[in-house]
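When the chains are written out, they are named A, B, C and D in that same order, and each has its own residue count from 1.
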Amino acid sequence: MSLYHGIFKRDMQIAFKQKAELVQPLMFLLMVVTLFPLGVSPSPDTLQRIGPGVIWIAAILSSLMAMERLFRDDFQDGSLEQYILSGMALPAVSAVKVAAHWLVSFVPLLLLSPLLAMFLNLTVDMYVALVLTLLLGTPLLSLIGAIAVGLTVGLQKGGVLLALLLIPVFIPLLIFATSAVDSAALQLPYHAQLAIIAAMLLLATALAPFAIAYSLKVSQN
Amino acid sequence: MLEACGLTCSKRDRTLFEGLSLVINAGELLYLRGPNGAGKTSLLRILTALNEPELGTVLYNGIDISKDKSGYYQALFYLGHKSGTNGSLSALDNLSFWLAQHKVSVDVNALYDVLEKVGLVGLEDVPVRYLSAGQQRRVALSRLWLKPAKVWILDEPFTALDVKGIHMLESSMKDHVAKGGLIVTTSHQPLSETAGKHRVFDLEYRF
Amino acid sequence: MQFDSFAAFINMGGYAFYVWLSFGVTFVAMGIIAIQSFIKHQNLLKQVVVEQERKARIKRARKQQQAST
Amino acid sequence: MWKWLHPYAKTERAYQLCLTLQPWFWAGALLCLSIGTVWGLAFAPQDYQQGDSFRIIYIHVPSAILSMGTYVAMAIAALVGMVWQWRTAYMSMIAMAPIGAVMTFIALFTGAAWGKPMWGAWWVWDARLTSELILLFLYMGVIALYGAFEDKQQAGKAAGVMALVGVVNIPIIHYSVEWWNTLHQGATISKFDNPSIAPEMLWPLLINLLGFAFFIGAVTTVRLRNEIVLREMHRPWVQTLAKQQLANTQQKRAANQNMTEGN
């Protein structure tokens, strides 16, 4: 078990050495959310109605920016080869790396969510629903996103292609998450939506590491 | 004993080599020679199972390496073009993480000695991206003396070394072969006699 | 003195929470940026000395190398 | 006219200048801030409409003014650096950026805290607060750009261009946000009118403004010295200075060590 702990510690150390790369997607998220009151209208009730959609769309877009960092450095400087050569199970290695990535880039997003809720004038129970959907949804973003990152890591201009690949796949998550927060606004129960997101998350946790390992091998070749 | 039988590999519609068979016994140094683009690196990567050949298999002690990887990888050390060191970590951190992954436990002053051996005194705790490309390759090379591997597959190991470094590497190659190790290496300049007895294998450039 | 008692001063006409929160956050933020700058100053000076020792070590190693060949 | 400033282009003299200015700035900052705050909090009269919550003005207005002022000062430093090729100008520009960002954060936070009793919500898309938020993004942009470059010389020039682009955009942003705000005036935000500033309310405000300015000056001198030491690390004068500074910190530590052993 200490092998994978070593990789986790290494990723954490690298992440804290490159703080700027972590802060930038968050600033992007904040700015995108700030554009909506300026673009649409500052009146509190319109903001409340479009709030959940705005936050989730901005979260998906900013996650696409942060996603690329996942394997890019390791691929370019050859550490990925050394992982494969060390005989460790690649699915387990990618699962650990995705967990480290989630901790480093999505947990700060959760910490920022009260500010976003305040900007878009969400009520308290809407905010609770938002945090629940983010808690369940963002690991899903990381896991599925890592598959596409594994595939495009070998390409130079992988950035936009990543968005093209991932946005369609994230649509179900967006639909269920925003509908959960909307029904929270109307004081309706939203356990059904949460259950569906949780189901998607469990499915991804089970299958994605193997898909990530395979996509890394494909781009390694 | 490393054996390649009937390897075929093509890169972007150009067949690099076809039906290539090769046997390397323990205690032997194979010097892979050939012009640029002849497919030396691809052959080495196929020997390490990083790349799969279109046809043919590679056996290590009779077992197909694409099937049972962990046994083969325990005994393998591969030095590629990429240094395998992360830029924002220091040489020491990179080495200690790499050793942890390869299940080798070594104490810190051994790391300092090895880095001194490759001429990186005083640069041990500097983030690797501040080192020159040659120094980064020497950090990658220093892992050679840390992991007790039987099979050494080295891709252009001499590029970053000065005269003293080349002499030191060739003598450790000689001891490794003497101790029953197995080495496959490529190099631009020919191996001098300090590297001991070695077999040459030529790879022509195919159009 | 605008307030008749110290308690009234603390209560700040009912807005105690907002007034003291904003003054508190202001001086804490200013304190953080000031202290962070001083700490960075100390670290930088230490770093200068460490860099010098590193150069000395490299020179010594190089001298030994020439001596041994 | 610029002659006497030129020698300070040499970083060592700039370092000494910072050393001499720094105690004065700190003294000025502590003095003005304490007087202004105590006067504003305890002795200034209440506002007839907002009661005592208006006292937040004594930190909101100075920080708002100085957040804009620091950005303009940053742009001037960038311009001087660009025109006369002074490295110290670029260094002082990047030394000011973080403090300007802190000032903008303070203005934002105190503005929101002041607006809460008025508008009932912690954050309202009021014209001033919105342009203050955009100013914070401008600061973040300059700091992030400076941090992205490995070679600090290049970083200074790039961040300088961004600072100039930013300072040109500040009035444009300000008026467009004002217009946007009046456009949506129909929305439920009631714009509270500026509290009428009686003279005895104004004095603590000006003193606090001076106090904040001294504080910014003081922290800028510290950060500029950091920047100079960082960039001139290989220079002999920095090395002697570092040895001498660490020597007397050890002496001080040794002094109070045997002082504690003594009694």
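Keep this in mind: a residue touches a chain if its C-beta (ideal position, glycine included) is under 8 Å from a C-beta of that chain, and two chains touch if they have at least 3 such contacts.
Here's who's who by UniProt: A = Heme exporter protein B.
Fair warning: this is a prediction, and the values are worked out from it, not measured in the lab.
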item	value
Of all other chains, the one whose Cα centre sits farthest from chain C	B
Chain pair showing more contacts of the two, A-B and A-D	A-B
Centre-most chain, if every chain is reduced to its averaged C-alpha atoms	A
Centre distance in Å when chain A and chain D are each reduced to the mean of their C-alpha atoms	35
Centroid spacing, where centroids are CA-atom means, of chain A and chain C in whole angstrom	33
Separation of mean Cα positions, chain D and chain B [Å, integer]	55
Residue numbers of chain C (touch at least two other chains)	none
Chain D: positions in contact with at least two other chains	none
List of chain D residues in touch with chain A within their complex	121-125, 130, 133-134, 137, 140, 144, 147-148, 177, 180-181, 184, 187-189
Complex contact set, residues of chain A against chain B	2-3, 6-7, 9-10, 13-14, 17-18, 73-74, 76-79, 81-88, 220-221
Chain C to chain D touching residues, read off their complex	1-3, 9, 12-15, 18-19, 21-23, 25-26, 29-30, 32-34, 37-38, 40-42, 44-49, 51-52
Residue ranges of chain A in contact with chain D within the complex	20, 23-24, 27, 30-31, 34, 37-38, 41-44, 118-119, 121
List of chain B residues in touch with chain A within their complex	48, 50-52, 69-70, 73-74, 76, 78, 80-89, 93, 97-98, 100-103, 127, 140
